[in-house]
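Below is a structure I'd like to ask you about.
For reference, chains read A, B, C and D in written order, and residue numbers begin at 1 within each chain.
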Amino acid sequence: MTGGKAGDERWLGQSIMARRGVAAGRVGRTHALTDDKQGEYHYTVGPYSKPVMEIEPGDRVVVETRDAFDGKIVNESDIPSQVLHVPFLNPQNGPIMVKGAEKGDVLAVYIESMRPRGDDPHGICCLIPEFGGLTGTIYTATLNEPLPEKVRLIRLDDQHVYWSERNVFDYRPHIGTLGVSPEIDSVNSLTPDQHGGNMDLPDMGPGSITYLPVRSPGGRLFIGDAHASQGDGEVCGTAVEHASVTTIRVDLIKRWPIDWPRLENADMIMSIGSARPLEDAARIAYRELIRWMVADYGYDQFDAYMMLSMCGKARLGNFVDPKYTIGAAALKNIIERG
Amino acid sequence: MTGGKAGDERWLGQSIMARRGVAAGRVGRTHALTDDKQGEYHYTVGPYSKPVMEIEPGDRVVVETRDAFDGKIVNESDIPSQVLHVPFLNPQNGPIMVKGAEKGDVLAVYIESMRPRGDDPHGICCLIPEFGGLTGTIYTATLNEPLPEKVRLIRLDDQHVYWSERNVFDYRPHIGTLGVSPEIDSVNSLTPDQHGGNMDLPDMGPGSITYLPVRSPGGRLFIGDAHASQGDGEVCGTAVEHASVTTIRVDLIKRWPIDWPRLENADMIMSIGSARPLEDAARIAYRELIRWMVADYGYDQFDAYMMLSMCGKARLGNFVDPKYTIGAAALKNIIERG
Amino acid sequence: MTGGKAGDERWLGQSIMARRGVAAGRVGRTHALTDDKQGEYHYTVGPYSKPVMEIEPGDRVVVETRDAFDGKIVNESDIPSQVLHVPFLNPQNGPIMVKGAEKGDVLAVYIESMRPRGDDPHGICCLIPEFGGLTGTIYTATLNEPLPEKVRLIRLDDQHVYWSERNVFDYRPHIGTLGVSPEIDSVNSLTPDQHGGNMDLPDMGPGSITYLPVRSPGGRLFIGDAHASQGDGEVCGTAVEHASVTTIRVDLIKRWPIDWPRLENADMIMSIGSARPLEDAARIAYRELIRWMVADYGYDQFDAYMMLSMCGKARLGNFVDPKYTIGAAALKNIIERG
Amino acid sequence: MTGGKAGDERWLGQSIMARRGVAAGRVGRTHALTDDKQGEYHYTVGPYSKPVMEIEPGDRVVVETRDAFDGKIVNESDIPSQVLHVPFLNPQNGPIMVKGAEKGDVLAVYIESMRPRGDDPHGICCLIPEFGGLTGTIYTATLNEPLPEKVRLIRLDDQHVYWSERNVFDYRPHIGTLGVSPEIDSVNSLTPDQHGGNMDLPDMGPGSITYLPVRSPGGRLFIGDAHASQGDGEVCGTAVEHASVTTIRVDLIKRWPIDWPRLENADMIMSIGSARPLEDAARIAYRELIRWMVADYGYDQFDAYMMLSMCGKARLGNFVDPKYTIGAAALKNIIERG
């Protein structure tokens, strides 16, 4: 994958989105969801916010996302606990309404490309008190002193992330938070769950399609939290958080009764579970993958269960959020055989 | 404790509610929150629903609660999975607005009495597929066949719960779900968290005061889910669910910065944590109790930590909901000494 | 309960131990397991250590237990991390061999009395780095600085625990660690599991009978870790640890196929689960209790499940050890009806 | 990697084993640990079993491992619960004593090659009641009916695993269980922990070096549980279990104070944590990796923490055993820079 753009798109024509989507692979109009047009960003994903636009299945949207700190951290001397205020973290663009979407349908979100936004692009990685994988938190409540607050300002462009003099990485972006509205709940944008949300899966970058179960009219798509690079688990609690221009195509699949988000790319299909403890996220992900193999690939339930025990792939999304995320995947060149 | 009514109320005059509340122990007007007045019940606790009434601190409200199944289960032959529809479970009365309540304040909810509602009162206990403590669930996802669905219709009155020919129990009611609105989230009424919600603590009955951290203007109090009797853990997922007439007094404590719900009765103070895994609920509850002992009872943090290791009490609220609840308590006759 | 002695023993004649034990309630010889006779204490519970004595079912043993720190902490200025060395913690008396005990049987251990040992009895409560409920540990691994080390030396006698000028408590002792050998494993004395071990249940004091599933010839009973007082959860990681003289009677129940430890006292029967996360300990405890009610009290499995949801009691043993412990109990006056 | 043999070995000369081992990269004598020589296999890893051989650092051992079922499952019609008897599962070769190994040292185990054993090689994958990731278990205790028992007999050779008519996989073997003795505990061979044991990490195959912290004289190396192929998580509880001929080289690194197992291959270094809940395994693995980067690669603790948040890799070992395993890794071409 070249930095931030999807590579070979030939598989797209054979994707579930293309085969089952209302748009049948056709690309529609392009909409600009600029920072101005967004106006007020959202910190909760639900049915109560005012839609920012309505699109047709197949349409493309060019989204200007803000960084997870809403741009409030600008210097390495900023103190996160002073400039950040829970729950006003991880601003989301949207909700984008998709014409015809109803409960029981699925939104397909293909990420076409991502690039850093602005003239002098940079990312932020920081340590926030009581947040992260290796610290006591508000849930894993301890009496230990919090870790020191740290801010790293990281220069980046659409090819590289200049982490330090010692280490330069490829720009390998993905979207940390992508979701549709629950039916009646409104969930803060830090929490992943059945609706998607803050899953922090490195696989959710350019060249991937995410499938999200619609629970309210129009689907109400929210998107944000671009990462220029992220390790499995996002262990310190933040990745390289940056403002991005992210281009997506959105299609609608009617009547696909899935319970949790799913993902597809050129090589694999993946089910995504979010829960605590972490083993429950793994259980959800693998059970959904088995159900998928049974429904769409002709496997017997227990054959699929046993076969995944010898060839399944698991990705640790994060184990730092209010809920943790694991994706369970099967390679297409395995499950599509026969 | 006589069935469903608070006993000796002399301690009330020395309660935190009386000492720090705006009403200073005075009882105000009595409001009737009948089923009719409630009209539409709520399945999510948040800032987006229309208030059902506004009261003054110190006022009394007589609330007609529905059972957790919204009255949809009426016979033992009813099949829960056919008549119940997630997320439309556990209907809540409210939101009740309390004049003057602002973020940073606390609502104090004293439960004065509870009695079964209706001419022919009864309760329901049932097994719902993939719900409960000893079954695979949507989170602890397994491939096992679900448990059989079962419904028990239980006759009861304000003295007894007639469980079976073999076993008759005292009517020992409590409120399963009590909460205030989060700041921007709206949380389904099955989930407990920092805002309170579905904590299922048997201690939350007549004679108890629950303290809830206000996060939005007016506090927005929600209440429902009366249990005629409940064991620690509510192991099968439901207790003796019944429609009730629950009388509460609500006061307002200004500027009491607490992070999680707290409870007080004649004998003890209790902090309440809700999280998964269950040990995190215990961690939260005990840490908050220590903080309370430091702030209000003059203990050193580590002295409190060590002393609770020899005299703390823990109550298992539930380990069946989307989040689990534990209350950690200290006896007043211990911590108030000295 | 008077300090450290079992009260009314009339129920004993109706206990499971009396009704099903080989000794049928008769008290046999009394053996002295003094510190001298014990010689080498054990830090692991298994089949590989040399028996310290063999007794007949029904015999009484007067055990001189050491404190959990093996007496190495003698002043409040001692630094736990310097004088304690993992895994040489929590010294155990035993193994005591019981004649005729075989895999598939159960040892019944009735605690007749406990009293502090020595002329100038005292207990120790301390904070050990990376150990306890409200701190990062070697498993819940964090980067936070450890908590400060603290030692409290607490004067006590067979009536009281003189915790501080402000707080004096009743002497309410129990045995923290009680177990039989696994079949082939040898488990450090800090870890509870199916064999019993470090369960830290306050109910396991004078007047209680613990039932332990025999897995190796003779049963190989280990005992130690007396607490003068302990709160639910033993939140700081240690209780009031003291050397004791603990008098037990041990009987043998042939062919009682139980998977986890059980406990009985005058008022209740309790099943004990030890696992992580904590909800698994609760699941084990309640499932075993249901199985017990089905096998010995004539309940239908799902009736028992639902009834415990309205009347079950749960005790938090500890949530600080390598595995956590929960006891689930039913009152005798409920389950014995009918 | 060609089927079961390590590929390019040039990196070996620069490995930690070569640079810090007593043998300094020299290969010593070759020992045959045949099934006959092993005689009695072991089901518990500890200090109490009789050594099977003693070797010098640098020596090679050709080990004939049995499959995890000890060869007791031979037909697809065999019923696991009838032929398998806990705790007599997962037989281990060893203990192999390494001359000079003492507490505080590390054994380095390089897997040189693996191949199926026997004339008509095959593997077994099966469903065992109450065992596996998507079923109630003895810990995650439920009342659901167990899953059906299933046995798959899978033909294989040193190139392929003939799973089904539809799916043939590469033979990509690894060792599921590799460990040294704890100091005083003896741990059943199903449980991973600080001593190694049943980690079920697919990375632990030919071309990898595992580093194990010595806790008893001679180290006492145990090895077994060869998998012909395994997916992340080993979701059904068993992989393609097969008898193997596994060739290892063992070296000794003096005075390397590590707390948990570590792994190295051509591309990465990995720390391995085993615990429940699964997030604790992730916490351990990442904390140990940070400590490693600080001690041996010159990173500041918090720099390493933040950098791994953008480039760390996590491998799910298993989430089905009594403890779960996660490996956290950093690529050598990243951390060796600068």
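In this section, a residue touches a chain if its C-beta (ideal position, glycine included) is under 8 Å from a C-beta of that chain, and two chains touch if they have at least 3 such contacts.
Given the structure is predicted, the values throughout are model-derived calculations rather than measurements.
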Between A-B and A-D, the pair with more C-beta contacts: A-D
Relative to chain B, chain with the most remote C-alpha centre: D
Length of the line joining the C-alpha centres of chain A and chain B, rounded to whole Å: 35
Cα-centroid distance, chain A relative to chain C, in whole angstrom: 48
Gap in Å, rounded to a whole number, between the CA centres of chain D and chain A: 33
Per-residue overlap in chain C, given as positions that touch at least 2 other chains: 134, 140-143, 147, 276-277, 283, 286-287, 290, 302, 305
Complex contacts: residues of chain B adjacent to chain D: 134-136, 140-147, 277
Partner chain D, residues of chain C touching it in the complex: 43-44, 46, 48, 87, 138-143, 182-188, 259, 273, 275-277, 280, 283-284, 286-288, 290, 301-302, 305
Touch list for chain D against partner chain A, complex: 125-127, 132-134, 147-148, 150, 152, 161, 163-167, 169, 227-240, 276-279, 282-283, 286-287, 290, 302-303, 305-314, 316, 319, 324, 326, 328, 334, 337-338
